[in-house]
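Below is one structure. I have some questions about it.
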Amino acid sequence: MFMSDKPIKGEKRVFMTGNEVCAWAALAADADIMYGYPITPQNEVMHYWTRLSPKHGRKFLQTEDEISAGFTTIGGVMAGRKSFSATAGPGNTLFQEPMSMAEMMRIPTVVIIMQRGGPSTATVIYSQQEVTMTTFGGNGEGFRVVYSTSGHQDLYDYTIKSFNTAWKYKFPTFVLGDGYQAKMREPLTMYDPAERGIEMVKPFPYVGKPGMPGTDRPTEYLRNTYNTEAELYDAIMEIARDYEKAAPEIIEWENVQTDDADTLIVAHGIVSRAARGAVETLRKDGIKAGHFRPITLRPFAEEELRKAASKAKNILVVESSYGQFLKLVKEYLYGLDKPIDTILRPGVGITAEEIVARIKEGR
Amino acid sequence: MAVKIVLAGEGGQGVQAIANILAEAADAEGKEAIYIPNFGVEQRGGVSIAYVQIDDNKIGSPKFPKADIVVALSGRAITRTARYVDGRTTFVYDSSTVASAEIREEAIGIQGVEADPRSQRQTEVIDDSKGTNFELPKNAGNIVGIPANHIAKNELHPRVFNIMILGAVVKATGVVTVEQVKLAIEAKLGDKFEKNPGLRDLNYRALEKGMSLVERVV
Amino acid sequence: MSMQPNMPKSWNPDTKPHKFCPGCGHGLVLKMLGEAIDELGIQDKVIFGCDIGCSLLAWDFFNVDSIQTHHGRTTPVITGVKRADPELIGIAYMGDGGGYAIGSQHLVNAATRNEKITVILVNNTNYGMTGGQMAPTTLPGQKTETSPYGRDPEDTGYPTLGPEMVAAITRKGAYVARGTMSNPKQLKKFIKKALENQVQGNGFSFVEALASCPTNWRTNAEATWHFVEKDMAEYFQVGEFKVPGAKEGEK
């Protein structure tokens, strides 16, 4: 493996687009190879990676489509290299085929998703409409890790973290961003993970280990097919056990003034910034609002959400989708008898003002 | 509270370039800044809009419903940006006739890696001799017409039209210092200035001229 | 009264001027297609499918029922239409990405099955709509957003020769040609023959059209023409590769 000079030394404050941030973060995380296919709004992740990667001994392949991008990423991982891809919208739909295989075979792929309008081609701009697909897509059980970022510092931090989470726990891992984050410019601090005490997990090969197969070492026979119901059941339950065991170490969340909140705003990703702003405004006006932000959508901080929700009098779920996040939230709130109001705006950005207005209206 | 700025014009008028310069200047000054362009399937031919927010504290959503200042540089831009106007908005528009956009070959802007600003080409050719007959937003707090295109053509150079607009925005909002803006321009165009020092002078004059056309409103 | 430019009858005048970039090859290809449809009198039978690249901008171009499909899926959608109602004339319109990358499996299979549809593929050596990434037909050394240092054939092979491939895998009844925007008359002839081939029910018809993309090539008018007429034509041979009635093994 080519360990060249560090692409980022020390720390530096920069002002760049989200797509560029992801390319730099992947470099900082020692990613070896990116496989990708053009789709707006994540194209620039590829544009930056193709310019930067040769300088650091990393590789790139533009594949013929997203199905191929997903499977080539799997191949790269199996060869023991940190491989990643990026996609959006209809590309994410195609990615579900390879990601199902990654789920079944415990393959640590890292994929950056920049959500755009859906379904189908819709808009190239923005949405939070790929939540269901990214958390539970394909024909699987959702044994995946999904980080929902709310801005550029998150994109940087969690792209790096994704490689560690993926390679440590061996579940396909996703950075769930959106078109606004992809295209906007805002400041963040880039850093060398080592200088912050973050140890990067080393990749390992699934195939191609040294030695003669069968003689020097056991031959690797990797499959995702089973013959009987019982066999499959055992295989799935083993994955489930590993997943449940890893979950407490992976889940992340944030509480914003939820201890004494009457109204609990539940939101994720970039909408969380609007929720935060709303809490600030409402508190100034004497209204006790709080905000619960799940950072991992899979696995979900169910206990923490219930804790925050049980203290509140009512709940407001806000998302740029027609209820994909609401569905998750309701599942985790099962049994808690609190009125739930919603702001559902498929494909449309949401501002703090809107949230404030809704909460004031409801009083 | 963040200052919310909307800049809009035809592709080729350099709207994204100056929005970026403004955001970069604010960032260099240690402020929080967010810049986001509008973008759709048609990367070419639509109205080019840039949203900039500048604040001392961390900024929330990248988009906003109403702006503190809207600058609309073409008839279509006036119509397109009316939705961002309310009683506290200062609406600045180009009062000289809406003319066809100048497309510069050495475009300023995020080159090569992001969508090329030159790809935002105008598809409507509007007759120079007709007056602008687009409706101005009546609900604006303040409407300011500046004969920007006319001035750029006759007193400066069409090439620095957008830098002049930048000057006007800097003066009207007071979000960054002129010095910082000049540094940001230098960072972007420095090597072009090295080849042609007259360009630096032209750009700075355009900046000053733009500042002279408006008052501080935000 | 202003002078209306000469437009094919099958064009929808309400959606003109069109949204393609100045200097784009699509406009000319669509004009030749429009004229061919007019001359064959098939406007009321045509179903026009387009991809999501720049071909997307043709979705309301004609006064002809049109379907905008997902990327690379225009061929199978039009195949589906034609199979269900063979009286219709199915045209699948796409770019080099939609035809030779994500849509290649569909192209190969439609050709192999000799589907009685007409595929028109506009080759401008890049992914235009998404900002100029490398395409299967990008030339060696050509700089694009994902081959910023120039396409290296040692790494990513040579440009796809689509018509050659389709000619090799099709049999009797297929019509395969490559035209160029720099010879519109010939291009129209090829498109017309391709459509006639479908009208006669012979088999699969395929026309690739070499076209310009000055926006993403970053070329002025002179350089644009040079690229199409010299650089592209050097690599992509213009002509007919398969004509129905030709014996096996013959071109």
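For clarity, chains are labelled A, B and C in written order, and residue numbers in each chain start from 1.
The working rule: a contact is a pair of C-beta atoms (placed from the backbone, for glycine too) under 8 Å apart; a residue touches a chain by one contact, two chains touch by 3 or more.
Note that the coordinates shown come from a computational prediction; the quantities given were computed from them, not determined experimentally.
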(message) What pair of chains is linked by the largest number of C-beta pairs in contact?
(response) A-B
(message) Quick check on this structure: which chain has its C-alpha centroid closest to the centroid of all protein C-alpha atoms?
(response) A
(message) Can you work out the whole-Å distance between the CA centroids of chain A and chain B?
(response) 35
(message) On a C-alpha centroid basis, what's the spacing between chain B and chain C, in Å?
(response) 39
(message) Give the residues of chain C touching no fewer than two other chains, as numbers and ranges.
(response) 52, 131, 145, 148
(request) Check each residue of chain A and list the ones that touch at least two other chains. (result) 40, 47, 51, 121
(message) Show the residues in chain B shared as contacts by 2 or more other chains, in ascending order.
(response) 41, 113
(message) With touch defined as at the start, can you tell me which chain C residues reach chain A in the complex?
(response) 52, 68, 70-72, 97, 101-102, 104, 127, 130-131, 133-134, 136, 145-149, 156
(request) Within their complex, state which residues of chain A touch chain C. (result) 36-40, 43, 46-47, 50-51, 54, 60-62, 64-66, 90, 120-121
(message) Please output the residues of chain B touching chain A within their complex, sorted ascending.
(response) 20, 23-24, 27, 32-37, 39-41, 59-65, 113-114
(message) Which stretch or stretches of chain A touch chain B in the complex?
(response) 15, 17, 20, 40-41, 44, 47-48, 51, 121, 123-125, 179-180, 183-187, 270-271, 273-274, 276-277, 349-354
